[in-house]
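A quick write-up on the structure given underneath.
Note that the chains are named A, B, C and D in the order they appear, and that numbering of residues resets to 1 at the start of each chain.
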Amino acid sequence: MNVKLVSFTPNPEKIPAMAAKLTHSKIKPEDLGKTSDDELKAILNQVMNLGHTSVIEHTCFTFTISDVSRSLTHQLVRHRVASYAQQSQRYVDFKEPNYVTPPKIAENKKMKKAYDETMKNIWKEYNKLLDMGIPAEDSRFVLPNATCTNIMITMNARSLLNFFELRCCQHAQWEIRELANKMLKEVKKVAPTIFKNAGPACKSKKICPENKKDCPLYPK
Amino acid sequence: MNVKLVSFTPNPEKIPAMAAKLTHSKIKPEDLGKTSDDELKAILNQVMNLGHTSVIEHTCFTFTISDVSRSLTHQLVRHRVASYAQQSQRYVDFKEPNYVTPPKIAENKKMKKAYDETMKNIWKEYNKLLDMGIPAEDSRFVLPNATCTNIMITMNARSLLNFFELRCCQHAQWEIRELANKMLKEVKKVAPTIFKNAGPACKSKKICPENKKDCPLYPK
Amino acid sequence: MNVKLVSFTPNPEKIPAMAAKLTHSKIKPEDLGKTSDDELKAILNQVMNLGHTSVIEHTCFTFTISDVSRSLTHQLVRHRVASYAQQSQRYVDFKEPNYVTPPKIAENKKMKKAYDETMKNIWKEYNKLLDMGIPAEDSRFVLPNATCTNIMITMNARSLLNFFELRCCQHAQWEIRELANKMLKEVKKVAPTIFKNAGPACKSKKICPENKKDCPLYPK
Amino acid sequence: MNVKLVSFTPNPEKIPAMAAKLTHSKIKPEDLGKTSDDELKAILNQVMNLGHTSVIEHTCFTFTISDVSRSLTHQLVRHRVASYAQQSQRYVDFKEPNYVTPPKIAENKKMKKAYDETMKNIWKEYNKLLDMGIPAEDSRFVLPNATCTNIMITMNARSLLNFFELRCCQHAQWEIRELANKMLKEVKKVAPTIFKNAGPACKSKKICPENKKDCPLYPK
């Protein structure tokens, strides 16, 4: 899995702080840029502590993600406050086998061998269908959930906080949890104040929305 | 593919007409219900002709869909102004082979046989993984795009119009086009005025957004 | 303020329970309707307790609201997961004074008199502008925030839960809080399980997102 | 009215082109950055001509807007695919009269005088209420639609195209049309390919959604 933060709003923590200042003062918006960095930092800390996260919507992050399965992306694109561009299985052919192996399968040699064999056979059939003139959009019907895909995603910081609450959770599926953790690591580097408490709800909100009392991370 | 309209806003064409009347008159909202059916019908016709489709957002439709491929649903859930509930491959096992066969494969006996053989082998591996204690969420990595899935979807009428413009188009993928056509047929029965011009953009707007001049349906 | 629940998804608590069942079982969606009411009720209770509120998006509620101020609606329409139809100040004239008086002004006789006098003068000017041929869309520039307006709103149950968390809170502005409480009262009648814990976050989630420890409702 | 483009996605036309390339090729996303500027420009031109505007969602623009009326912002915030931060009339006092005068009133000396007089009286009452201890959130009930407000807005390029179609139209209200035109002028400077055909639907799509045949701009 490769996760790259390819772009984000310049001054990702200044813009939301300026937004917050705009809502509560008489200052001309044209003059917001003159606010000192210290004041902006203090404002951002305060709004984050109060949970007034609407202002962090003004900061957006764009990632490219590769070598993840279509299982993962089918879950990922369910997040609706986001923009996506995904590699098409209609317009791109996938002649070379390229797939994700779940750790629980990878760690067992025999199982892994059978899994690889199955994948080899699937791709043989896929290529055969292509060779017989079946369009890629139909040939792909044999391709597995494991098939690697590439995707670009843009989310604003508020939507990301929600994404992390759901997908960094212990009970999220392992692959999307790995993705969420990698994305979180990237955005923390450039927006440490916004994401200081980001993570599963037990970390960010000190609650377990699913009320799983047997989870080791259940907040005390 | 099974498509069933399981629920929709009662009086699906009256509510939008009442909404339209509310915006342009002094009438107390409490009295909107007294408007004659003829007047409401005339109002709805007018707003649809003017393209003022915001009012039809107040009418929602809920469908259940089964025996469609995961290829289809991965496209479907990209429509963000909608609500989904999809059969989980984490919590449900799919021990019995159940898959969609593209018509171009089905129509060739030899191809069909090889396709079925591949599916049989995939499911054999899937069941073997389950039997060896691999959780469903990991075993499913071998399952193909063709795997059948069930999904419930709720969309408002405006979002549906957009869905039909994109997915009833000749150039949409065949399976989702079939779904869109079936959904359109269902909603036309209960909301004929709203959906009278619904369909691909060449029908609904008399334009081809992709400007495909070689398409037989290109508007003249 | 008048609040009327004019329409909602039939069987508002059955549809979400069916959605939940669909996600976790092999049942054909066509057969979901055969599930017993007791089972559906148990399912809904469970998903609500787990906070799996995505399924309640399939139930929508439509309200008409009248005799509220434009201050209120300017806040209301900031909720983006919702549909609105509002009485237009461009296409409707408001010749008769009709406005909301804040309780803190109404309770002081002298203040109330001055307030009413101001309103009378504003409407005199409004009518004068109309009489001189100024279009309603420009004449309304003198009309106050207090001016009464009518609006229709459709929200799904999940978006409503969020609306109630924010707007039933003690710290919300009084007029929109009154609206939220009235809406909550209406939906509770028809969907008691969905909304059993609905209200401000201190009630629904046992947390205070703003961490206002001095609030009498601060959760212990 | 002041409109300032305060921030936008760096390389606003490269990111969408990279997104488009990702969907149709085997290239590793990590290598997208190596694509030549000429190729990216050609790709962007092609997707814009085909109307495949989903990729331009990856580019976002943030504006601050001041000296506009609350009439304008009440319309503006109805655009739901956007983020807003607006100057609060609950937390900021507006002791100094500051309001917008519609051109049709401004151009008539006598009318203008009466309008200014009304505003003066309104603000006198507003300040009186404040002085008597009425909170700003209640005192503002007398403030007019004309009252100036400040707002920050972030929209992605696709949502902006829609905004321009609706609000640059001859039939849009004059103040929001002026805003839309100013915003369009700003984004054209930094993303000329994305916005080359932007404007009312008669320009961008060569259709009149309202079918106003008597409009001088009706497309031939």
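The rule we apply is simple: contacts are C-beta pairs under 8 Å (C-beta built on N, C-alpha and C of every residue); 3 or more make two chains touch, one makes a residue touch a chain.
Everything numeric in this text was worked out from a predicted model, so none of it was measured.
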Contact-richer chain pair [A-B vs A-C]: A-B
Given that chain B and chain D are copies and touch, would you call their interface same or different according to whether over half of its residue numbers are shared? same
What pair in A-D, A-B or B-C shares over half of its contact pairs, by residue number, with C-D? A-B
Nearest whole angstrom, what separates the Cα centre of chain A from the Cα centre of chain B? 26
Distance between chain centroids, defined by C-alpha means - chain A, chain C (Å): 32
Chain A residues touching 2+ other chains are 84
Residue numbers of chain C touching chain A in their complex, please. 49-52, 205-207, 209-211
Can you name the residues of chain B that touch chain A in the complex? 69-71, 73-74, 77-78, 80-81, 84, 89-90, 99-102, 104-105, 108, 111, 114-115, 118-119, 121-122, 125, 128-129, 132, 134-135, 137-138, 140-146, 173
The residues of chain C that touch chain B in their complex are 2, 4, 6-11, 15, 18-20, 22-26, 28-30, 32-33, 54-55, 57-58, 60, 62, 64-66, 83-88, 91-92, 150-152, 154, 156
